[in-house]
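Two complexes are shown next, each including chain A; its partner changes from chain B in the first to chain C in the second.
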Partner chain A sequence: MTVHTAPPQMKTAPPGRDATAPHPAALFLRALWARPAARKLLVLAAAAAVLVPVAAAAHGSGTWPSALTVDLSKPLTGASDWIIDNRDSHWAFLYFFGHISGAIIAAVHAVYTVLLALGWAGVTAAAALIAWRVAGVRVAVTATASFAACGLLGMWVPTMRTLALMIVAVAVSVAVGALLGLAAGLSDRTFRALRPVLDTMQALPAFAYLLPVVLVFGIGVAPAVLATVVYAAPPMARLTALGLRSTDQGVLEAVESLGATGRQRLLTARLPLARRELLLGVNQTIMMALSMAVIASVIGADGLGDRVYQALSTVDVGSALAAGIPIVLLAIVLDRTTAAAGASGPPSSSARRPWVGWALAAVVTASFTLGGRMLGSQTWPDGWTVAIAAPVNTAKDWMVDHLYTGLPGIGGTADLAAHYTGWILDPLRDGLQALPWWGALLLVAALAWLIGTWRTALTAVLSLAAIGVLGRWELSMDTLSQVLAAVAVTLVLGFTIAVPAARSPRVERLLRPVLDVFQTMPQFVYLIPVVALFGIGRAPAAAAAVVYALPAVVRIASEGLRRVNPGAMESARSLGATGGQQLRQVQFPLARPQLLLAVNQAVVLVLSVVIIGGLVGGGALGYEVVFGLAQGDLATGLTAGVAIACLGLMLDRVTQPTKGARDGA
Partner chain B sequence: MARKTMVGAAALCVLAAATTTACGAADMTKQASPYAAAAGTKTVTLSVQSWVGARANTAVAKYLLEHELGYRVDTVQVDEVPAWDALSQGRVDAIMEDWGHPEQEKRYVEDKKTIAPGGDLGVTGHIGWWVPKYFADAHPDVLDWRNLNKYASQLRSPESGGKGQLLDGSPSYVTNDKALVKNLGLDYKVVFAGSEAAQITQIQQSAKDKKPFLTYWYEPQWLFNEVPMVEVKLPSYTQECADKGAADPSTVNCAYPTSPLKKFLNADFTRNGGKAARFLKNFQWSKDDQNAVSQMIAEDKLSADEAAKRWVEKNPDVWKKWLR
Partner chain C sequence: MNGTGAGTGATTEQMPEQTPEHAPQAAADAPAVFSVRNLWKVFGPKADRVPGSDLAALSAEELREQAGCTVAVRDVSFDVRQGEVFVVMGLSGSGKSTLVRCLTRLIEPTSGTIAIDGEDVCGMDKGALRDLRRHRAAMVFQHFGLLPHRSVLDNVAYGLEIQGVAKAERRAKAAEMVEKVGLAGMEDRRPGQLSGGQQQRVGLARALAADPEVLLFDEPFSALDPLIRRDMQEEVVRLHRDEGRTMVFITHDLSEALRLGDRIALMRDGRVVQCGTPEEIVGSPADDYVRDFVRDVPREQVLTVRRAMRPAAAGESEEGESLAPTTTVAEAIETVARTGTAARVVDGGRCVGVVDHRSLLGVVAGLDSSRKAAA
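Entry: the complex of A and B
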C-alpha cells in the first residue's frame, strides 16, 4: 500500500543546536539515526503510526478486508467462454494465433523429421561430432554415451520428440531474448523498462504460465513451445543486455575514432566482445527450456515429460526414472557443450581452417546415417534396451518399507511428516493467517527495505497487497507458511553441507555430480517417492521442495565461502581463532552477499515446487492451479496463478540483497 | 559456431513455415500433432486419462490398431476437461472412457458438432465413498453415513485439522464431496490428494499398516483386488436430487449415480478415420476385462503395451468382433 510515501520523520533536534541542549532522548535518537538500518525502521515506524490506526479503524485487524477485494471470476469465466466459442471462427484466431501455432507445429515437425531421417546412428554421431568440435573429446564421449543410454533405456523416440521441441523452443527463445537484449543493451530507457519485467518473469513458477496459453492454443505442442519461450527467453535477454552494456569504453572509443558507423561498431566490436555473455545466455536458456519442456507435459507436450507424467499416474517410480534419466543426460550434454563454447577464446584462435573440421563432421554424420539405414533400423533397435523400472521399484519399495514406520528412535518418516505438519506447518500457517493484514504488509516492507532498497520494498508490499485484492489472502498465507518452513529446512541442510564442501575440494568433487543430477531431474520424479515416504499432504511437498532447492543453495553457499579472502582467514587463524570461530566471525560475514543470494534462490526454487505440491495434497494455491488446469476453469486457475506470481515477486524482493547481485549469475 | 548454424537453420525453418502458411486463414482445429505421420504412416492419437482403467482401454486399442490394422498410435495424457477441448480441436482423435460431462457434451456435441458420440464402452462406472474391509469388519455400522461422525476421531490425519479425513483424489475428477460433507452435517474435512497416484499410494500405505481411512473411490478399479474396500451407503440417488445438483452443485445431498461409460470421437475423424474410426466405435468390453489389464499395468508393473499383448493373446473372441 502507500506506507512508503509518508514524509520522512522529522529529526528531533536541528543539527546546529545539539551542542547547547543535548537531551538524552534526542542523543539516543540521533545515534539511531546514524545507522541506516535503524533509520529505515524509524521512517517505517513513523509511517505505520499514522497509517495503521486509519487502516485498522476502516477495515479491522483481521485477515484481508473483503471490502478491498475485487472478484474477477465473472469476467474471467466470460472471457474463457468467449474464447472457446470463438476459437474456431474469430479472425484473431484464424489469422494470428492460428499462424503462430501452425508455424510452430511445422517447425517442430521439420526438425523431428530430420532427426528421424538421421536415425539413431546419425543423431548420435552428429551429437558427438558437434560436441567434439565445440567442446573437445571428453564432452564428445559424454554425448555419445548419453545418447546411447537414452536408447538403452528404451526412450529413443520420446527423447527425439523432446529434442525436436527443445531445438525449436530454444531457437525462438534465443532469437526473442537476443532482440530484447539488443534493445535493452543499446538504449538506457528500454533497459530500465525491461528490467522489472525480466525480473518478474524469472521469479514466476513455471506452472503459473500454463493455463492462459492452453486456453488460447488448446493443448499440444504449440502451447508447450510458447510457454517454454516465455520461461526461457528472459536469461538470454538479460545476459545479452549485460554483455552489450559492459563493453570496454576504451575499445568503443578506439573503434569510433576509426570512423566506424553505429552498425559497424555493433557488429565488429560490441557483439564480438559480448560473446561470452551471449553464449552463457544460450546456455541458461537451454537449461530453463529443458526444465519447462517437462512441466509442459501437463498440457500435452508429449516426449520425455509425458512419459514421466504417465508413469506417475500408475505410481511407477521406476518408469518415471527411466524417462527422467534421459532428461538429465540431455541437460548435461547441452550444458557442457554450450559452457565450453562460452569458455573458449575467440573463434579465430581455435582452428585455422574451421570449415575442414565441420565438413569432416558432416561427412562422418552422413556415413553413420547411411550405415544405420543399412542396418535397417532408424529408431533404436527394440532388442537393445535395458529395463530398469522393475529393480528401481523393488529398491524403492524396500526403502519405503523400512523407513515408513520402522526407524529406531525417531519412529519413521510417517511420524516425521506428522510432526512437521503438526508442530511446524500448522502453527506457522495459523500464525500467518492470524496476522492482521496491515501487520503483514508492514513486516514485508521492513524486511525488504532492510535487505534491499525502497524500490524493492515497494514492489514487495504492492505484490502482497495485490494478493489480498484478488481475494487469495488466506490461501497465500498457507502457501507462504509452506515455503518459509521448507526454506528454513533447506538453508539449515544446505549450509551444513556447504561448509565442508567449501573447505575440502575432495568433498566438492564428490558432491558435484550428485548436485547436477538432483538439480536437473524433473521435479515430477520426486513426487511419488515422497508420497510413499511421507503420505499425502504438505509434508511430502516440502520434502520434494527441499530436495530440489538444496543443490543450488549448496553450490552458491560453498562458492561464496570458498571465495572469502584467504588473507582474512589467515589473520584470523594467526589470532588463534578456532574452526567454529573462523566460520562464524570471518567466513559467514564476508560471504554475506553470496549467502543472501543462496537464500534468494532457495526461496524461488522452493516456491516452484511447493506449487507443484498441489499434485500430492499440498493444497493452497498449488491445488487451485492444478484444479484450474484440470477443470479448464480459468477463473480459479488464473487468479491463483497471478497470486502465485505476486507471492513469488514478493519473496524475491524481500530476499534480494543488492541491486546488481543477480546479474552476475 | 555450430550453435549459430543450428539456431540459424531452425530459425529459417520457422520462417519458412510461417511464410508458407501466411496467406489465408489458419484453422487451429486442422493442425495435427507435429509428431503425427512423421514416417509416412497413418497415425491415430488417443487421449489417456490419468486413471489406470482408462489406460487399459487405450493400451488395448493401441495394440490392436498397431498390430491388426497397421496404424501408428500416439497417446497423450491430458485431464478430462482439457481432453474434451483437445478432441474438439482435433488434437486427439478419441476419448475412450468418459464419466459424464454434460456441459461439454452440450457445447461440443450438440452445439458445435465438432465431437461425435462413439457409443458405450461396455463398462458401468460408479463413484462413492469407501472404507477398507478390515475396518468395516471390525465396525460394521460405519457403512451407514449416519454413523460416520462416530468414527471421525479415528479417521483424523495431520491434514484434516481435528476433523475426520475424507480422502479425495485428483481435482480433475467428478466430485460433490465438499457439498455432501456440508449438507449431510458430517464432521469431516475433504483432503485432496491432488492426483490419483498420490491417493493410491496413500491408500496402499494405510492398508499395509491396517489403518482405517475413508476415501472417495470408484468402480471399476483394479485397486480393489489389492486393497478390498466396502462402500459406505449415502442417501440414495434420486432424480430430484440430481436436478437440484445440476442447478446448483453446492446443494447436492445424495449419492453419486451409476452411469454407463461412453466413448467420444472427433467429428472429422468419424468421417475420415476409415477402419480406425470404425474399430474405435466397435470397441466394447466388460469390467472384468478392463480390470485384468489395469492390474497388469498398475500392480504387476508391466508396460501398457505388454499388458495389452497378454490380454489380446488370451481373449481373441472378445476383440475379433471389433475389427469388423
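Entry: the complex of A and C
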C-alpha cells in the first residue's frame, strides 16, 4: 500500500542484466538509486514502512482520526462573542480598530459624495478624459461607452458605490504595497522574509481573507475595504520589489561613481528605472481589488457585487447579468487604461507640457458636471434605462425548456452537468474520502517532492494535516475532488488550445483579444452564465472554474512552447523531425518549467472559483464560509476559511516546480 | 603621440614587487595624482586574512581551493602623474577593472593604500568619498551606464544635479559639454535613440561636466565597432591634448593602449607584470608573457630612433638629416630611404647618435633586443 507510487518508476529503471553482478536485486536497487526521482520515492517508502503501521494501528485507516482533531469551534465562538460584546467598549476597538474602520468609512463616503457631485455627465467625462490622456482615443471611447452602458442598464448608483470602494481600496493597497515593496527592494533581509509570505498570499483563494476581517470588524464597508487591501496589496509589493531589484547594475554603478547619496540614487535612478514594474503593479492591484471588491459583497460591500450576489441567491439570471455587465466593463476600462500607462515609454520631455492637457481635462470635466446639473439629474436619468432583466430571464426560461434536456445526440446542458457530477465528481470524491488519511498524506508528500523540494513537500503535508486537525477532512476532500476534476478538464482543454496557438501565429492573433478580455474579468461574474446554463450545483461551479482558469493556462503554456530555443527547434527540423516529434521531443521537454507553471496556475485559479462556487450550490468548504457569514456562525466560517487556506497552500506547494528540482522527476 | 610623454628614457620596471620609488624618475617632476601602494583586492570569505599571510604566496588556483577566495588585484603599486594618460592593460580576468574601481572605492580594497594628491582615499569617510567622486575623479564605463529615462542633456547634467547645482547653471554647463563631444543638436534625444558611439560620447560628456581632476575610463570603447572605436580614441587624444587632464584608461586592446598611453601597466592574474612607456613595453618586454603579448606589434611604429641609433663615427655627426630622439623608426626609415644616407639624432642641438639602413632594419627585425640583452 505504501509503495503504490513506486512501481511506474521501477518499470522504467534498467533491469540488472549483467550476469556477473553479485545479486540482480542489489544491482536493480543501485540502478534505481541513480535516478533522483526514484531515490526520493525510496526514502519516502522507507519512512512510510516505519511510520504507517504505527499510525494505522493507533488511529485506523479511515478518514482523519477524531483523536487527532482539535475542536476550535468553542474557543472561536467565544472569541467572536467576546469581540461582539466588547466592540463598543474595549480600548483596542475604541482607539485602534474603531479609528481604522471610521477612517475607511469616511473616505469611501467622501469619494462617493464626490462622484455623486460630479454627476453622471461629470464622471463619464472624467473617465473618458483620463483614459484619453493616459491611453489614447480608443480607450477613451471605450470608457465613455462603458459608463453609458452602466447607466443604461440602470446600474449607475451601484457602479458608483463599487467605484468609490475601489478608489479607496486601491489607494490604500498601492500605498501599502509600494512601501512593503520599497523595503523589500532595498533590503535583502526584508526581501527574504517577505517573499514567501507574498507567494503564499497569492496562492490563497479570495474567500479565505474574508472571515478574519469579519471577526474583528464585523460586516460592512470597512471590512470589505480591508479584505480588498489585503488581497490586492501583494502584487504591488512584489512588483515594486522586483522592479527595484532588477535595476541595471551598470547604471547604478555609474550613479554611484558620480557621488550620489542613497536617497539620490533611489529617487533619480532606481525608482524611475522601475517605472514599468511599478505601473504594472498598479494595474494588477486594480484588477485584484475589483475582483475582491465584488466578492466582498458577501461581507457587506455595497454596489455591483451585492446586486449579483442577491440575484444569484434567487437564481435571477437577468438581474445578475444586468449587474455583471457593468463589472466586466469596469474591469476592461480600468485594465486598458492602466496597462497603457505602463506600456508607453517615459513621458518625453520634448512633448508639450503635460499639465496643459490635464488642465484641459479638468476644465472639460467641470463644464460637463455643470451641464449635467443644469439638465437636472445627478444620477443617471430614470427614463434612459433599458431593463434587460425581464427579457434575459425569458430567454433563460426558454433555454431551460429547450437546451437543458432532450437535445438529440448531446442530451442538453443539465444532462451534461448531471453526468459530470455523477460519473466524475462523485466517484472521485468517494475515492478521496475513502483514501486512508495516511495514504493521502503520503501521496501528497510523494507528488510534492517529485516536482519540488523536500521543503515544499513538508509544507504541503503539514497543510493537509492541518486540515485534518481542524476537523474539515471530509469537506476538504469534497472540495479537492471538484478542484482535481476541474483542473484535469482545464489542462486538457488548455494544452489542446495552446499547442496550435504556439505553432501558428494566426491562431495566436485570433486568441489574444479573447484571452485579454477573459483574463480581466473578476472571478465572480463567471458564475452568472454558468448558472444560466447548468443551474445550481457542483457542475456549474466547475464550469466557471474551468472558464476562469483556461485563459491563464493557454497563455502560459503557449508562450512557453513558443519561446523554446529556436536553435534547438531548427536543429530538430534539420534532422528531419516531424511536427509531432518536434513537439514531443523538443518543445515539451524544453518548455517543462513553463508547463508546470501553467499547471500551478490552473490549480490556484480553479480552487479560488470552486470555493466561490459555494454561492451557487458548490457545497463543501465554500458553502461553509457562506453559511458561517449568513448565520453569523463565525467559528464554522473561520475554520472553513483556514481549511481553504491550507488547501490552497497544499495545492500550490504540490505543483510548485523549483529550480533545484530540474534534475528530479 | 606614441611614447612621447613623460616616461622618456625611464628604466623598465621589471619586477612587479618593485615599488615605484625605484621606478621611472625622469618624469617624476610631475607630481603624482594617484599613488597606489601594495593594493590587494580579494573576493570571498575572510578576504582580509589573505594579504600579508602565507596564503599570499599561493597561485590563484591554489588559493581558490584552499581558502575559497579569488584574488582580483594582487600587491599592485604605481603612480599616476599629473597630466599623463596612464593605461592599465590586460586580458579579461586580469583584475584591471577591479583595480580602477578601487581607486574611488566603488569596490572596497582589501588592503594597501591609495592616495589622491597625497590624501588617503581608504581613510575617507562617506562625505569625503562622495566629494572625491563628485569633483575629483569621474568615470566612463564600458556599458555607458546612462539613465534611459532622461534626455541626453539631462544625462550630461546628472552629475551636476547630484552635486546640487541649480538647474539653469547645470543645463548651460551640460549644453557646453554636449557641444564639446560633438553631439550638438541631439540634446533632447534619449540614450536608447543613440548609437553606441554616441552613447559613449554622452558618458564622456557626463564625466567631463563635473570638471574632474582625473578621468577614469573602464574599457570605454570595447563595446563599439572598430571604426567608431578609432573615432573615439582620437576624441580622447584630442581632449587630452586640449586640456591636459590626467587620465587612467583601462583596456584589453594593445593597440589602443599603445595609441593612447603615456605609460602602460600590463596586468596578469592581478599583478602588474610590467609598467613603462609603450616603447619600453614593446622594446624590452619584462618576461615571456609580455613578449608574447607584443609579438605582433609593428615595432617600427612604436620604437624610436633612440633605440636604433649607434654612436656617431668620425665626421658623421656633422652631416645628414637631423631627427629628434622621439622620431619613430618608421619615420626615420622614410627619411633614410629618401636621402639614401644615414641620419643624425639630435637632442638639444647635440648629436647623440646616428641611424642608418642597417640599424633601422635591425629594429624592425627585432635584432636590437637580442643585442641589448647580450650587452
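Assume the second predicted complex is superposed on the first by the 539 of 665 C-alpha atoms of A that agree within 3 Å, B and C clash if a C-alpha of one lies under 4 Å from a C-alpha of the other, contacts with A are read in each partner's own complex, and residues count from 1 in each chain.
Methods note: contacts are C-beta pairs under 8 Å (C-beta built on N, C-alpha and C of every residue); 3 or more make two chains touch, one makes a residue touch a chain.
Keep in mind it's a predicted model, so treat the numbers as computed, not measured.
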Checklist entry - For the overlay on chain A, clash or fit between chain B and chain C? => result fit
Item to check | Partner chain(s) touched by A:A171 [first = chain B, second = chain C, both, neither] | outcome: first
Next on the checklist: Contacts for A:R87 in the overlay, against chain B (first) and chain C (second): which applies, first, second, both or neither?
Outcome noted: first
Item to check | Partner chain in contact with A:L464 - chain B first, chain C second, else both or neither | outcome: neither
Next on the checklist: A:A417 in the overlay: touching chain B, chain C, both, or neither? Say first, second, both or neither.
Outcome noted: first
Checklist entry - Counting residues of chain A in contact, which comes out ahead: chain B or chain C? => result B
Checklist entry - Thinking of the overlay built on chain A, is A:V483 touched by chain B (first), by chain C (second), by both, or by neither? => result neither
Next on the checklist: After the superposition on A, what does A:H109 contact: first (chain B), second (chain C), both or neither?
Outcome noted: first
Next on the checklist: Contacts for A:L153 in the overlay, against chain B (first) and chain C (second): which applies, first, second, both or neither?
Outcome noted: neither
Item to check | First, second, both or neither for A:L638, with chain B first and chain C second | outcome: neither
Checklist entry - Once the two complexes are overlaid, how big is the angle at chain A between chain B and chain C (Cα centres, nearest 10°)? => result 150
Checklist entry - How far apart, in whole Å, are the nearest Cα atoms of chain B and chain C in the superposition? => result 14
Checklist entry - Residues of chain B touching chain A in their complex? => result 1-3, 6-7, 10-11, 13-14, 17-18, 20-22, 25-29, 31-35, 38-39, 48, 50-52, 55, 74-83, 85-86, 89, 91, 107, 112, 114, 157-159, 161, 167, 170-172, 191-202, 205, 208-209, 297-298, 301, 303
Checklist entry - Which residues, counting only chain A, touch chain C once they are in their complex? => result 248, 250-251, 253-261, 264, 268-269, 272-273, 275, 346, 349-350
Item to check | Complex contact set, residues of chain A against chain B | outcome: 84, 87-88, 93-95, 97-99, 101-113, 116, 130, 133-134, 161, 164, 167-168, 170-172, 174-175, 214, 217-222, 279, 282, 297, 299-300, 302, 306, 309-310, 312-316, 318-319, 338, 341, 347, 354, 358, 378, 389-390, 393, 400, 404-405, 414, 417-418, 421-422, 426, 527-528, 531-532, 535-540, 613-619, 622-623, 626-627, 629-632
Checklist outcome for this item: Touching chain A in the complex, chain C uses residues 104, 106, 129-135, 138-139, 141-149, 151, 154, 158-159, 161-163, 188, 203, 206, 210
